[in-house]
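The two complexes that follow have chain A in common; it is paired with chain B in the first and with chain C in the second.
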Partner chain A sequence: MRIGLLKRHSAVFIVYVILAILILTTGLLSDVFLTFRNLENLLRQVAPLGFVSVGQTFAILTAGIDLSIGSVVSMTSVLTTGMIEGQQQLVLPVLVLVFGLAILIGFINGTIISKTGVHPLIVTLGMMSVVQGGILLYTKAPTGSVPISYDFVAWGNVWKIPFPILLFASVATIAIIFLRLTVFGRYVYATGGNEEVARLSGIKTGRVKTIVYMICSFTAALTGIMLASRMGMGDPLVGERYMLDSIIPVLIGGTRLTGGVGGVAGTIGGIFIFIILSNALNLLDVTAYWQWIVEGLVVIVSVSLYFRQKR
Partner chain B sequence: MKKTVTIIVAAVFLLTTMVFAPMAMAKPFPRSWLWNSTALQMMDTSKFAKKGPYVVGFSNASISNSWRVFFERQVRYGYELNKDQIKRYYVTDANDKPDKQIADVEDLLAKGVDVLILSAATMAALDPVARRTMRRGIPVICVDRRVTSDESFVSFITSSNVAQGRAQMLWLAEMLGGRGNIVMLGGIAGSGPAEERRSGGEEILSAFPNVKVLDFQYANWSPAEGKRIMKALIQTHGRKINGIWGDGLQTSGAMEAMKEAGMKVPITGDHLNAFLVRAQDWGFPAMSIDFPVSMGTDSVEIALKVLRGEPVPHIYEVPRTVVCTQDTENIKTDMPWSRMAHKDWPDEAWNNTLPKNLLPY
Partner chain C sequence: MQVAVSKRLQRSPQHIRSLFERFGIYIFLAILIVTASLVSPNFLKPQNLKDILNQSAALGMVAIGQTFVILIGGGGLDLSVASVMSTVAVIMAHNTEGQNSLFIPVMGVCLLFGIIVGFINGTLITKRKVQPFMATLGMMIIVQGIRFLYTKGMPKGEFPPIQRYLATGDIGSVPTSIISLAVMVIIALFVLRKTTFGRKVYAIGGNVNTARLCGYNIDFTIISVYMISGFMASIAGLYLAGWIGISDNWVGKGYELDSIAAVVMGGTTFEGGRGGVLGTIVGVLIVMMLYNIVLLLGMPVQMQFVVKGVVIILATSFYASFRRTQT
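Right after this comes the complex of A and B.
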């Protein structure tokens, strides 16, 4: 029974073993790594990438992908600061508006994908271009500001624990429960595992996909508003890196690009590996060129492992 | 007699030393200070004073073009020169991503830096983290690119970008005799230096109503993009183009495109060796003003002054040189063009103060 459980979750198990080795090795090599201040930094850095990667996990589980995620991050960051412009009373209405807009983008993505059958890669790539173009029409340069109280989102503490990690933990927990314990979660796995069989079994796969892309855009909006707080302004290009970066932790975490296998628990491990690696390279004073090489190798190795699993 | 000669020789030696020693010790004075209309604001840094040796952290926006590579080496050179006062030197590279740079700064703070040297990817994005760093009692020294608020840093080491844009446009307009069509090639859209240089150039244009701008394009400070965009502009405007205003690396590529099209017009740029050598070899009327990479070394010197509690200027303008193949009424060359164009250096080299072992080529 235990061996069966371990086998079923072998990818997640491997991810956490790698994470433990990474933590131990970095802790031995750097006397700063395990200090309170650095751990606090790490926990704050996890959240922005964490949200989008959780969303991306949903898309990849349905054998899809969301490449518009980066432009939605930029859009929410720019609109949040651009419309709030430091005015406290506008925070809530603006947040409602940007979340609504992001979810609408996800709805459009999902509807086009499910109604036309066009591959999500193409649809979301097109959407990325549309949204990014719209952002650059709005502003070509960093813009806007947020009131001081908004700082709390990225910089605040609750009982000495950074607020961003508490928010991320809540989102990740809800996502795990959603995928593992609800009917909708089972539909997500079924749609990704074999869409045709799922459809013949009575699952409305189109609706499942639409909701999944709405979740994806919602998490991208969370990252956008977190970055708006972290930077105190909106940057029209800030989301660019998340298009690729959001996929890497999902793959490291053992979710398969073909869909139906994996989950958020593995992705969380992948996110920590990705963030700790970047932190460790800085702490160990590794030069920028080597950092690029190491990060590139991590992408190649994680994707290779995926193909090896597939064979 | 012997005594008299000895006294005369000693007097001459003393006099010579008194006259020439200050000259030998004098550093080049930044001309741009002369043009600054506000009084020099000195910062009291006594609250940051501490005993060395120090831990210095440098958070770099990127090494995405040759200017930035040389600049990063110049900061390192500052560390090499002051190894007796600096026990550890850390450098991070944000790859032009402001959110990564915020994480980089946090990592440097975790490593216990005594001073943070910051070249910000984006002025506004790095402002909150710089302000927090200052609040923790760690002085922030901005170099090349600053953060938004004055209270988020102790000193900003730079050279006026507005003045650079003005000087380049004034030379071009005067070269054209106040009449003609020009194209403008900017840096990266939205980046502080690019926008400030553009606005400086446009200020000058208001005094020359007969100089018309046919087009403005951002060429991302890339010679390759400068060439590609210039080719397209030649296709559109052809021989109507009488001059090219450019603020950086892109104009070496633009010059190539012009040469291939058989056109030769006045062009402005900065001290990228490719630009200087080609203008000389191909006979382009050209003007170049540098944004000195050596400000990287200056930033370390200023950082150490702050840690010693010595007063430093809030805005520290570094000296810069202007070279022209041809002088105009208001813009004169500081030295012959050939002295700045180094045929034995690679294309991507910049005028620098680096020792051989730190050169990136």
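Right after this comes the complex of A and C.
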């Protein structure tokens, strides 16, 4: 029984072993790493990448992918700051509008993907291009500002715990419950595992996919708002790196691009590996260029380790 | 070609659909050309057409390599191409510093670099069973790191005049870049259609297990395909660098996704085994024409992104609707 459990979750297990080794080694190599200040800083960094990666997990579980996520991040960041312009009373309506717009983009992605059968990579790539172009038409340089109260999103504390990590923890928990304990979650796995079988067993796979891409865009909007709050202004290119960065933790975390296998628990491990690695390399004074090389190696090595296990 | 079509007509009851599937992209190109010439009188001027073709050269070369990789199936794609392009560009600029005599040896190094990256990609995918997406993404980041370590963040040097000539010059009144692209297309067509290697690529893309039972060396073919992609990327990098003329860390940024979009618009499917180089080139031409039309109409440059995205989605879904109803 215990072996069975371990085998079933072997990918998640490996991810957390790697994470533990990473934390231990960094703790031994750098005396700054385990200080309160650094850990707090680290936890604040987890949230922006965390949201998009959780969303991306849903898309990848259905054997899809969402490349438009980065441009949605930029869009929400630019639109919130650009429209709020520091006015307190506008915060709520603008947030509603921005979330609505993001979810609409996800809806369009999902509808096109499920109705036409074009590969998600291509549909979301096209969508990325459209949204990014739209943002750059709106503004080419960082713009706008936020009221002071808005700072709370990125910099606030609740009972001495950074607010971003609390928000991330709740989003991640909801996502895990959603995937593991609800009917919709089962549908997601079924659709990703074998779409034809899922469809024949009466699951409306098209609707499942549409919802999944809406979730994806929603998490991207969360990231955009978090980044807008952190920087105090909206940058039209801020989300660019999340397009591919959001995929890496998901795949490090053992979710397979072919769909149906994996989950949010692994992704969370992947996110922490990703963030702690770059933090550790910074603390150890490794230049940014070497960091890229290490990052690329980790991507390849962790994924090949995991695949070795599976076969 | 004509014979093949008429055979299809006899065989398939839904011949019109299959015709659309086969030639949809060409019809799309024709519609685009007609529309463009109607909205802008400048579009059909020889100089403008020449510019479009000239700009298509580098993307076309990357896309040829990408076509091989996507044809092989199994989720095959190469995200490391843009990184290779920029890296060979800085290698060239740093080492020749504008001297013609050094062009050939350094070019050899550049091509070797692309091939090595492709070899590593292919080896990871076949021997370590890493998904192509992850393997090439990892390589993309690693190559980027190597490039920045090499340039220390500040690319310097110049490109030799001969490289500038090859990318921007003319032979008679035909630009050299178009001639090179045409030669590469012909070679690629020949390899895919007339050689056993090409047959193996289609066979593996169609059904890996059948191909294995036929005794094909799967791993060798897959590795070769990624090496071709790396090789094409390094040539394209040198072309684009010669065309731009300035040593830069990000030559070819975005080409990895643009090339994939062009290949898929051209009718090659991610499942592999279907499609080919000609469609890809048409896909490239469509992307570049759209860019051109946006500028001719005096719209802001950023509109290029919007138009490109809309057309990628429209073209591929238009195409897919025929493919889906067929089965």
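The rule is simple: the second predicted complex is superposed on the first by the 301 of 311 C-alpha atoms of A that agree within 3 Å, B and C clash if a C-alpha of one lies under 4 Å from a C-alpha of the other, contacts with A are read in each partner's own complex, and residues count from 1 in each chain.
Following the convention adopted for this analysis, a contact is a pair of C-beta atoms (placed from the backbone, for glycine too) under 8 Å apart; a residue touches a chain by one contact, two chains touch by 3 or more.
Predicted model only: the values in this text are computed from it and were never measured.
Using the contact criterion defined above for the overlaid structures, shared-chain residue A:233 touches chain B, although it does not reach chain C.
In the superposed model, A:151 lies in contact with chain B only, and not with chain C. Of the two partners chain B and chain C, it is C that touches the larger number of chain A residues. Judged by the touch definition given at the top, the superposed model places A:142 against chain B, while chain C stays out of reach. By the touch criterion defined above, A:48 lies against chain B but remains apart from chain C after alignment on the C-alpha atoms of chain A. Touch criterion met: A:291 reaches chain B and chain C at once. With both structures placed on the common chain, the touch criterion links A:166 to neither chain B nor chain C. Looking at the shared chain after the overlay, A:97 reaches neither chain B nor chain C. Of the two partner chains placed around the shared chain by superposition, chain C is the only one that A:304 touches, whereas chain B remains out of contact.
In the superposition on chain A, the residues of chain A contacting both chain B and chain C are 140, 287-288, 291-292. Taken in their complex, chain A has these residues touching chain B: 32, 35, 37-38, 41, 44-45, 48, 140-142, 145, 151, 155, 227, 230-233, 235-236, 238, 240-241, 278-279, 282-283, 285, 287-288, 291-292. By the touch criterion stated above, chain B contacts chain A in their complex at residues 60, 63, 90-93, 95, 97-100, 102-104, 106-112, 122-128, 132, 189-190, 195.
Taken together, the chain A residues at the contact with chain C in this complex read 67, 112, 115-119, 121-123, 125-134, 136-137, 140, 244, 247-248, 251, 256-258, 287-297, 299-300, 303-304, 307-308, 311.
Residue ranges on chain C touching chain A, taken from their complex, read 75, 79, 124, 128-131, 133-135, 137-146, 148-149, 153, 257, 260-261, 264, 269-270, 300, 302-313, 316-317, 319-321, 323-324.
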